[in-house]
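Multiple structures follow.
Below are two complexes that have chain A in common, paired first with chain B and then with chain C.
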Partner chain A sequence: MSVTPEVRPVDPALERRRFLYVLSEALEKFSRLRRILKRQQVFIRAEHGEEMSVTAVDELIDYLEEHCEMFLGNSDRVAHLLRGKQLNEAEIKAVHRSLGILTVHTLQVHELLLLLPREAARPQASFLLKDCFGSKDLKASIVLTNLFSAYEYRFEDILEKVNVEQEERLTLTQGGNVLCQAFGDKDNPLAWAVLAHEYGHVLDDHDQISKKILQPDRAAGQTDESTREAEPDWGAAVVAETVADFIAAHVLGPASLMPILFVEMMYPKLRGVSRTSAGHPPTPVRVRLVSGYLRELGVSTSDFDPVLEAYELDYARKLQDLGKVERARLEGIETGAEKLLSPLAKAIALSVGTLGLRRFEDQNIGRARALQETLASRQPISSCRSRGEGEISAGLSALKAGEATPSQVYEVLAGLDEVPVPGSEILTAGWLYRLSSFEDVLMKTFLGGAERKTDLEVYSNYAEKTDGLLLKSLELADVHAEVLRRLKLA
Partner chain B sequence: MATATAPRNDLYLSVLAGRAISALADLAGDPSTWNDRIERDLRGGIVYCQTVRAQGILVLRKPSSGWNALKRSVEDISEGAASSGDVSAEAQGVERYLSELVSSANRAPQMADLLVAIEFIGKTATDR
Partner chain C sequence: MLLSDIDIARRLVDPDPQRRLVVTPIISAKEQFGPSSLDVRLSTDFQRLENMNRSHIDLNERPAAEEKVYQEGKRIILAANESFFLHPDEFVLASTLEFFRLPDDLAGRIEGRSSWGRNGLLVHATAGFVDPGFAGVLTFELSNAGRLPIKLTPGLRIGQVCFFKMLSRCLVPYYAKHGAKYFEATTVEASKAAYDPEVSAPAISAPKDTNNAP
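Right after this comes the complex of A and B.
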């Protein structure tokens, strides 16, 4: 694969799929944000009664609704695009641009949530991390914050920028690590793969993985002059990001890549060179490295390939839209990152392998496919039989009356016991369910035709119900595991 | 918690931009279409272009960067900002085109012109 994806000729099916992903992510972000604001509105009304005619929250809700209504002016065109019907170039561009306006201004409101009364992160997010990393005590707190802190900078990076003395900074981090989660992701377990990446940084800091891997002279030889001048610590930062990416992929598999790809596709533009100051290698490099790592682990990415393909197209299109200078700089950084990281990938993989983390395997994907069916029937997926029906049936058939001992019988019947589903499988099943079901819901949302009003509540309810099922699954799986642990101790 | 006491402002620039884009797309789909809504939204597009022209692209960039002091502290927000001269000239061209559409001077919109107008409005309204 070339370093920079070439802009391929228009493939209508792939273009449509890219549009579906962008639309679904934008509508999800919008409806989740609106849900948070409405909840805040209820709190404020309860506290102050009706004497406050218009609050800041009302203004924000109004702002969102105005933008939503603006976008819905394109409902018929969206319905046409969803059904693969012909639109002219200006109509297609209008849909994309209007969706871009909705997205950008929804995300601006998201940033403002920093100023509003806070909500706490869901306990299920900690359950998930504890399960994935096999740790009873994470020594890390999850805090809700803006998208910028959740997806771009770590809390530690921000502390670095704050004007405090080194000693004071050390004191500030003594209370444990802080994992930043976007407000809008609070109820959305599918986005929590980002937390696994963040926790990867915690492990990296603790074990000094990236520092040991990256010899200073090696970094100096591999990055280009301009990048080194602009960001002297760039080499160390991109290696640290790759270590965190590999750790997240190790425990969660290909689903670890999904939130960042959907978020990036949703943005109407590439966020350009300034983003490299956060130390992230350009995302296509991250995708290639993580996919290669998963292949080495024997984990297939095939269920997620449609997303990877659409992302590749999306990135290429947005790269094309950049100005010549910025495009050249971004391509240079991509080449530099690839040159630096590719030879280090094996060493990073080896180091991550020695951390003793619970490894996501191909069979986890197999089980997640089955669990996806359960989700589709609107059931939680917190537990499953410890053995398959075929195995239990064969075991029962092998028992002979008058010959089998009670312990042999109990051993076969133990196959009927339910065991908690690992968090990584719950998340993977959730993603597989989303990828298989969202298109149908979009169709029901955008019916098309003058008499058929577009009802965004259809998509909003679908997202909320899926969140609910996944949250319940993570919670019940944790309770189930705790009960089994206590029984074992007893 | 502090509350907003200012009256509601229904002239969000980005909403004006989005509505103008929809109106242009309606004309692209059926050039003979004309109604009060299209006219109102094109007029909103004119106001949008006038604002961009008068204040430069930074008027649209300010809210997002201004809201985020944290972002300002770690990133150079001026990077990649378009030259205000270029933007102003483009805004003037699109404003003139929208005015012609509204004043019936040009009721047979060409696809290329519509594309330029949609692209300009969409791009400036999502620049952050």
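Right after this comes the complex of A and C.
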């Protein structure tokens, strides 16, 4: 980070914004997880009746709600913070501590979702990938995982690593790539930008982008001694991550960064050296590189700058909380990653540009702003009209029954035809809507005052409704494109 | 008063939010507009009611509507280029591709299209009425009255909606109605009759069978 934690001045407005982001993300993760568990409870009871034990699911729900109750013990303080009222330091700490408890336990319960029956990834996730990567369709399956981070693998790679004693090794050639998505993100299209990143790895493996870019000796020369010892492939891994980041940003724009930043902010502590030395460049480096790449593409990040600023503050604060040794190590890795990746950014951008993928452009953000307003009026945002409403109205006014010919009528009515919008615009509009609306919903959730009860259902319903509209939008856009294809053929 | 094609079109671009009718997406107005109706398309999700383990429908047995869906229904979501085969006498729920928002002074009615009706496809069993103030996708109660299976693909125009201008604006539109159960639905939703108060209230105990009295 450009500003070290020690000298960073306190900006109350920015601190408040950071708190709101963390609070909203924690409530969304909690609500979605509870929704999944309740669905499981209902499913097991419906399939097997009361005689079937659902102890494990019941236990998880109880555990989650118990820790939520602990958090709700601070509702009044949260309501005060939301309304900009002064709290003393101890009260602020209590709020942050209880929010941390809710977050940590939500994440832990999520990790216990090992074998949930009847849960599969949403088909809309495949629609989104088809829309973004249609020109480079390499067939990838999406499966759900109990981890709260996405990853990808190929059957063949796994088999190579499996230590089998049998003489006959399984020969799988059609398995293809598997993208793993967190259970908790199943219903939330806004989090699916991570799938674009994982698909970026698939493309990278297929086209050998990072391998061609990276000279092994060069990578080795620019990483620090300790990192090289711990993980000799570290250089190759961070370049591969950057390639995947650039591919996701290329097709989705700045929204590709949002789920990563929100999850990182939600974790009460930095996820530490283990994650970064295992092959992920420190997130601030990723943000800087992707922002630079988007600037090169002429895409503005201004709508998302409030999140980027809050993340920067969040990282600085959490870095400050680390022990001296770990902090120095992390800063070392950050410097090493920066030193390695900055000179390669141009080559990575060039390679990603030659993949032939549809590029996210600044005009996509412009259209997403208009779609955001439609979403705010609680409508799906899968399409838009290419003709202005004034022009259509004028055309309709000019038509006279008995005088206008059918072809004249159809010409005017054609103005009502809608064209499907790309999935990237749907996701961007979804994020813009979330960023512009969540604070108001938090206010309605945490009313504060003695008689006014905090009702988490308010936030939960808001998240569920928005999910539903975005899922419907992705589905509509897919069918819309298919119908247009059929009409064209006809 | 039934709206004509031009009335429907005007309502779709009416700048007054109190009068504006929303139907989205309109993929091809030329194909979809009729003289007094708008054709609607089939969406991707279906819900089939299972009957294998059920002797009858008794809403009092399991009042949780969500539970009923798992127990009695099978949810199928197709990709845009996949098909669903509706067999003779089969009954499934599906929904319109289009999302609707009706102003407080318009009511609607969903009907089948003649071409599909001639093949035996019925798009609603009984509930084809759309209230003023309703928002969401419309439900198709699909059944096949013919003798051959019908192949259904998302995006097909299988129904049409007509709109009625009411003599006066209603006092309580659907969105404000007490107990509105399907407002802003974006997918097929199974029956929520179990939430009706007369269904969810405990049944009056039947008189004891005196023959079995000890």
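Quick note on the criterion: the second predicted complex is superposed on the first by the 417 of 490 C-alpha atoms of A that agree within 3 Å, B and C clash if a C-alpha of one lies under 4 Å from a C-alpha of the other, contacts with A are read in each partner's own complex, and residues count from 1 in each chain.
By our rule, contacts are C-beta pairs under 8 Å (C-beta built on N, C-alpha and C of every residue); 3 or more make two chains touch, one makes a residue touch a chain.
In this text, all values refer to a predicted model and were calculated from it rather than measured experimentally.
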Worksheet item: Which partner does A:458 contact after superposing on A: first (chain B), second (chain C), both, neither?
Response: neither
Worksheet item: Touching A:143 in the superposition: chain B (first), chain C (second), both, neither?
Response: neither
Discussion item. Just checking: does A:447 make contact with chain B only, chain C only, both, or neither of them? Give me first, second, both or neither.
Written reply: neither
Discussion item. Touch test for A:77: chain B only (first), chain C only (second), both, or neither?
Written reply: first
Worksheet item: Is A:326 in contact with chain B, with chain C, with both, or with neither (first, second, both, neither)?
Response: first
Fill in: First, second, both or neither for A:316, with chain B first and chain C second
neither
Discussion item. For A:347, using the defined touch cut-off, is the partner it touches chain B, chain C, both, or neither? Pick first, second, both or neither.
Written reply: neither
Worksheet item: What is the contact status of A:393 with respect to chain B (first) and chain C (second): first, second, both, or neither?
Response: second
Worksheet entry | Contact set on chain B toward chain A in their complex | 1-5, 8, 10, 12, 14-15, 17-19, 21-22, 24-25, 28-29, 63-64, 67-68, 70-71, 73-76, 79-80, 111, 114-115, 118-119, 121-123, 125-128
Item to complete: Could you pull out which chain A residues touch chain B in their complex?
Response: 44, 52, 54-56, 58-59, 62-63, 66-67, 70-71, 73-74, 77, 87-91, 93-98, 100-105, 108, 111-112, 116-117, 146, 148-149, 153, 157-158, 161, 268-269, 272-274, 277-278, 323, 326
Worksheet entry | Residues of chain A that touch chain C when the two form their complex | 39, 42-43, 45-47, 118, 123, 126-127, 378-380, 382-383, 389, 392-393, 396, 399, 401, 409-410, 412-418, 420, 465, 468-469, 471-472, 475-476, 478-484, 486-487
Worksheet item: Which of the residues in chain C come into contact with chain A in the complex?
Response: 4-6, 9-10, 12-13, 15, 22, 24-31, 33, 41, 43-44, 62, 64, 66-68, 70-71, 77, 79-81, 97, 99, 101, 135, 137, 154-155, 184, 186-187
